[in-house]
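Here's a structure for you.
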Amino acid sequence: MRILLANANTTEAITELCAAAARGTASPGTVIVPATPRFGPAVISTRAENAIASHAVLDLLAGYATGEDRVDAVLLAVSHDTALEAARQLMPCPVLGMTEAACLTACMLGARFGLVTLGGVEMYSELMARHGLATRCAGLEGVDATPPQALEDPEGVAAKVGAAIARLVSQGADSVVLGGAALAGMEERLRRDASVPLLEGIACGVRLAEMLVRMAPGKPATGAMAAPRGRGSIGLSPALAALLQGPPG
Amino acid sequence: MRILLANANTTEAITELCAAAARGTASPGTVIVPATPRFGPAVISTRAENAIASHAVLDLLAGYATGEDRVDAVLLAVSHDTALEAARQLMPCPVLGMTEAACLTACMLGARFGLVTLGGVEMYSELMARHGLATRCAGLEGVDATPPQALEDPEGVAAKVGAAIARLVSQGADSVVLGGAALAGMEERLRRDASVPLLEGIACGVRLAEMLVRMAPGKPATGAMAAPRGRGSIGLSPALAALLQGPPG
Amino acid sequence: MRILLANANTTEAITELCAAAARGTASPGTVIVPATPRFGPAVISTRAENAIASHAVLDLLAGYATGEDRVDAVLLAVSHDTALEAARQLMPCPVLGMTEAACLTACMLGARFGLVTLGGVEMYSELMARHGLATRCAGLEGVDATPPQALEDPEGVAAKVGAAIARLVSQGADSVVLGGAALAGMEERLRRDASVPLLEGIACGVRLAEMLVRMAPGKPATGAMAAPRGRGSIGLSPALAALLQGPPG
Amino acid sequence: MRILLANANTTEAITELCAAAARGTASPGTVIVPATPRFGPAVISTRAENAIASHAVLDLLAGYATGEDRVDAVLLAVSHDTALEAARQLMPCPVLGMTEAACLTACMLGARFGLVTLGGVEMYSELMARHGLATRCAGLEGVDATPPQALEDPEGVAAKVGAAIARLVSQGADSVVLGGAALAGMEERLRRDASVPLLEGIACGVRLAEMLVRMAPGKPATGAMAAPRGRGSIGLSPALAALLQGPPG
Amino acid sequence: MRILLANANTTEAITELCAAAARGTASPGTVIVPATPRFGPAVISTRAENAIASHAVLDLLAGYATGEDRVDAVLLAVSHDTALEAARQLMPCPVLGMTEAACLTACMLGARFGLVTLGGVEMYSELMARHGLATRCAGLEGVDATPPQALEDPEGVAAKVGAAIARLVSQGADSVVLGGAALAGMEERLRRDASVPLLEGIACGVRLAEMLVRMAPGKPATGAMAAPRGRGSIGLSPALAALLQGPPG
Amino acid sequence: MRILLANANTTEAITELCAAAARGTASPGTVIVPATPRFGPAVISTRAENAIASHAVLDLLAGYATGEDRVDAVLLAVSHDTALEAARQLMPCPVLGMTEAACLTACMLGARFGLVTLGGVEMYSELMARHGLATRCAGLEGVDATPPQALEDPEGVAAKVGAAIARLVSQGADSVVLGGAALAGMEERLRRDASVPLLEGIACGVRLAEMLVRMAPGKPATGAMAAPRGRGSIGLSPALAALLQGPPG
């Protein structure tokens, strides 16, 4: 089984980090195929960057939809689940977002979950609404620290994150989603002190992707999630243009 | 890995049916342990029966929480997800409900899903709200037929169910959950005509249970999902009373 | 008129306490019939206990549905409104929950109400959603104290509860529901300092039960609240099994 | 006990009709005091009329707030619950609206209720949202008939209303609220055919008002429901102006 | 173009203040027609006053619906948007509320807005729900100060308001609505320190009213917003009674 | 004043059509600057196309953010309001979406609006949720016809659209938004038969854009809508990359 681990921003180091995490989780026999878009923001942290990356990630995915490089599933390795629904419509295989995967896993473990991230929480708040999971979300905590700071002072930032996790638990979270790749590195340290399960999106996503591939539920043939067909375009990569066009006949 | 397939009503034939479905889906190495409560309603179809069965299913689960019979996960083989949150709190291992499992799987496949069942939909409507999935649910269709009728006239009932599935698709469902064991038998026939994926709870639940066991996210040590401790009771089975009491010390 | 005051846990002292409160409120001519389940948790404080008590309380109620012991109404003397909707379906007479009764009374007094209780608020938060009253609820306050502490240090705990009431008022509560029997004892003391009405569930419930008995609105003959009919079971008390089976013919 | 039965429109015949219904329901010892505003719309059926009648009904109530004519409770005999929250703030005694009373009673009888009325349902839909009861409401049915037609052809209109009730039951209503005085007359006929309880607002409201008077929960001293104090005005009736001004000192 | 600037309370000084603000914003050629009700509360700050003023403002508007004084649009110069929907139904021209206008403008500038006011926020919270804008509202802040205090100590009160604005921004507000005329005076001072746009209702309302007049979208001829027709009344001003009655024939 | 009329798909004929409509509505002195992306889907009708166009439209806008071509406002001439929030964050000037503009205008005219379009309504349903306007939307009607059919058989398609409008009115719509450029052509014909105002997005958007430019509310300096600053990227157009990077210093 081949799972495309698709970053939506252009920083290859993040792709590599996520790919390592994915390989650490994947079942024997699962091949993790890391991929980075050929254009777009270095790191997505605003609405504008997310909108640009929506195209970038579909452009990337199109290369793995058919032919030799065809994959069996896609995991979007970006905490904003960039273009998730569009990718799901476009691709012939299952597509998962890493934050979606962690949140749905959290739904299987308790009544409500929290989410902690570095920086602001506005985009995560919209993401919960977009996924229809607002009533399952006990709270969002944005820790006042940047990813570079997390690398420089991991102990200090982990202490802040740990305090945020405790606040989420006191608000009723039965588990906590770690939002963003920057927290993945301190997962073990956080887990020592947390009184509830911590969920990391790559690990959840790889396992759910494997499950969907084995289950093979198929794809809608009609409706808003059916693959595009006969849609014309200009200036797109040949692979993406071909996917919009669909099979001849 | 041992997965308890726990019916919440006392009709063993349904347990067997679900166990067969579970075994058809389970990975090699997974042992399906079917179990039926020792008391309670024959078939749950009303609120009163569901409330009685809440105790019956916990009574059943308690026998598999520790010791030799200990299981690695529980799948509730009852479409009402009877006592799901309570079982999740009580047991030391992951617990899934079959309708919950199908709905969460549906969330990974499209924007919204529908649910079709035989009989009334009121209890399913409450279930969607209880799971916080109302905004992901495009509609509920209750087909005017009973499980016995489904056995007597499978073609006729399947035609009605197929029409209900088509209505759900026209309301925006990207996939359709088959609610209740009675529909499991006609799954293949339904799939031939359906234009979107059909999701059956036992199949989804076994796969998600396997995934959670492998992931081993742990259990909350504090909060409303933490295991009971020091809770006294009278007149319960020794195993259930012991679970409420928790470990000594 | 006979009103069954049905505890859902097995601590008779709580039943007696609630019965005394009920008698203090009841109209002349109303007979309060206290009753305690023959099995189940000593005190319900977790989801698992609540699920077990769902059966216990229906088992208890069944003995008062018909025949000599038949009552005219039921008041569930448990702050979690355990198995309320199931009891309402099962019984031929009106059934009220004590927290529901206090909240509906609160709706008649102002725009929004608050609720204060000892311990965690997660289960009350779900109860508000279950009753569809979330938009009428200005806030929930869980006071960090146990019922035994409330008995040992009533002044100290009452001070904490009073502070919680004041916080709820500042959040917009026009009245405050006292959640749980442990607060009933300190009602008078709390009332002295509170700037809004305080509502206690037993008092509200007895009055509303009397009102429903006098009004005699009847019971649904069809739909999800109609009495069970022809539902088989095993291992239940004869009275409960008979209620599920319904009248012959 | 004196209950003011306050119409919000100026058609005395409706006041009389409602007063007769109220007297038929009231306990011995309860005096029903009917009252009709001295200005305003003949019959409220639009937003503009409802807004005008908001003043008219408060003007009316003010005459019964203090002094000899002081009442113990108010029941607004108008299906739009006109100025209910304002009246509740203004008056020193409990105030109920007839549709609110019927809906809250319905909440004690089942999971969801329906509402049927003559004419459009837009204003009732807003009323459900205003009362925070939208999730408890299974549906609203507006029958295409006017109150005069109901008087001319009671059988024909009752048949339409009965069909609407049946539709609400099939949508999951466990009881049905009769919205508007025009349906009160055909209540008995409707009850014969209905499979669920029918609730009429005056009957529910009188009983709930009696209950609140006996319970004497008091009135908020602070917050948005506290009585006005020191509020100046011009051109209002002396009684209303005095209530806004509050007690001296 | 003539825009009626209709106060809903009877303090002419407020009308003048708002009229000056309106004139400062209006396009050349727009005539601002200030008007104050002939009866009602001096300043609306409670539900009871708002209900009385509902009639007062419709009474006022009726004088400008037809004939020589006919205006082209109405802006309600009262922060509670008193009787807005009723006025919209009643009048033949566009009607806007000042808080509604500011909130809808805020919707064009960002994802969510906050609102700051002097005093309590309960009525504004209900207003957000009434306008269906609750999900666009990041928070409401009530500053502990009265309008007279704002006049006496503008610097001190402005500091408090500025702090409240900063809190709203930290809660995710992309702009902040200034609720109530009392804040209009300190707008410039507040704007110096605010990091997001501040929106004042009169300015927004005048501009939106001009836009609607130029667009001339017409008025619904059917449904709940259609002008009243054939509605009888007693004791109302001739102009208001005539509007309820509608044109002859 | 210069308003950029930015199509999000690459069919210049649609840009021209919308530009003509915009010019027909614009005030004297307003210059409409039509623009079409240099890459992307011909016509957006699926999620995948919308995600690709998100980048295309930001790429287009970036050319008008600064320098000689700088515009004073942007109107997105695409009924899906593609990348609206991202464009709002990115650009230094006000940005409006055509469907958003029509819906907000509808909010000023009545309690609820409907929306009619050719084809499916799933994406519009998500758009209403994204704009937080679901409670203001009485219904969505998708007419079974394609834009080419609308050109071939305008009378026939207009009849279908008219019937859909009537259905929306019967569901409580006080006005109806015409979704998509294909309906703009038949606006006049539709208006003849409609009993409520019809709102077309280009007309509403041009007027609201003019209003915002005149009001000059400014742009958030902090928070999730503040302009990007210091955001690196690769492979983007120089103008777009520069906007993400922000001003030096």
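Residue numbering begins at 1 within each chain, and the chains themselves are lettered A, B, C, D, E and F in the order written.
Note that in this section a residue touches a chain if its C-beta (ideal position, glycine included) is under 8 Å from a C-beta of that chain, and two chains touch if they have at least 3 such contacts.
For clarity, every value in this text was computed on a predicted model and none was experimentally measured.
With steps allowed only between chains in touch, the distance from chain A over to chain E comes to 1. Chains that count as touching both chain D and chain E, per the definition above, are C, F.
Ranking all chains by how far their C-alpha centres lie from the centre of chain D, first place goes to A.
Counted by residue number, the contact pairs of B-C are over half the same as those of D-E, the matching pair from D-F, A-E or D-E. Rounded to whole angstrom, the centroid-to-centroid distance between chain B and chain F, based on C-alpha atoms, equals 44 Å. In whole angstrom, the spacing between the mean C-alpha positions of chain A and chain D is 53. For chain E, the set of residues touching two or more other chains reads 85, 88, 111, 122, 129, 135, 172, 223-225.
Chain pairs that touch one another: A-B, A-C, A-E, A-F, B-C, B-D, B-F, C-D, C-E, D-E, D-F, E-F. The touching residues of chain A, when paired with chain F in their complex, are 10, 38-43, 45-56, 58, 83, 85-90, 120, 122-123, 129-130, 223-225, 228, 231-236, 240, 243-244.
Residue ranges on chain D touching chain B, taken from their complex, read 111-112, 135, 172. On the side of chain D, the complex with chain F involves touching residues 121-122, 125-126, 129. The touching residues of chain B, when paired with chain A in their complex, are 27, 85, 88, 94, 96, 100, 104-105, 107-111, 131-136, 169, 172-175, 195-199, 203-204, 207-208, 210-212, 214-215, 217-225.
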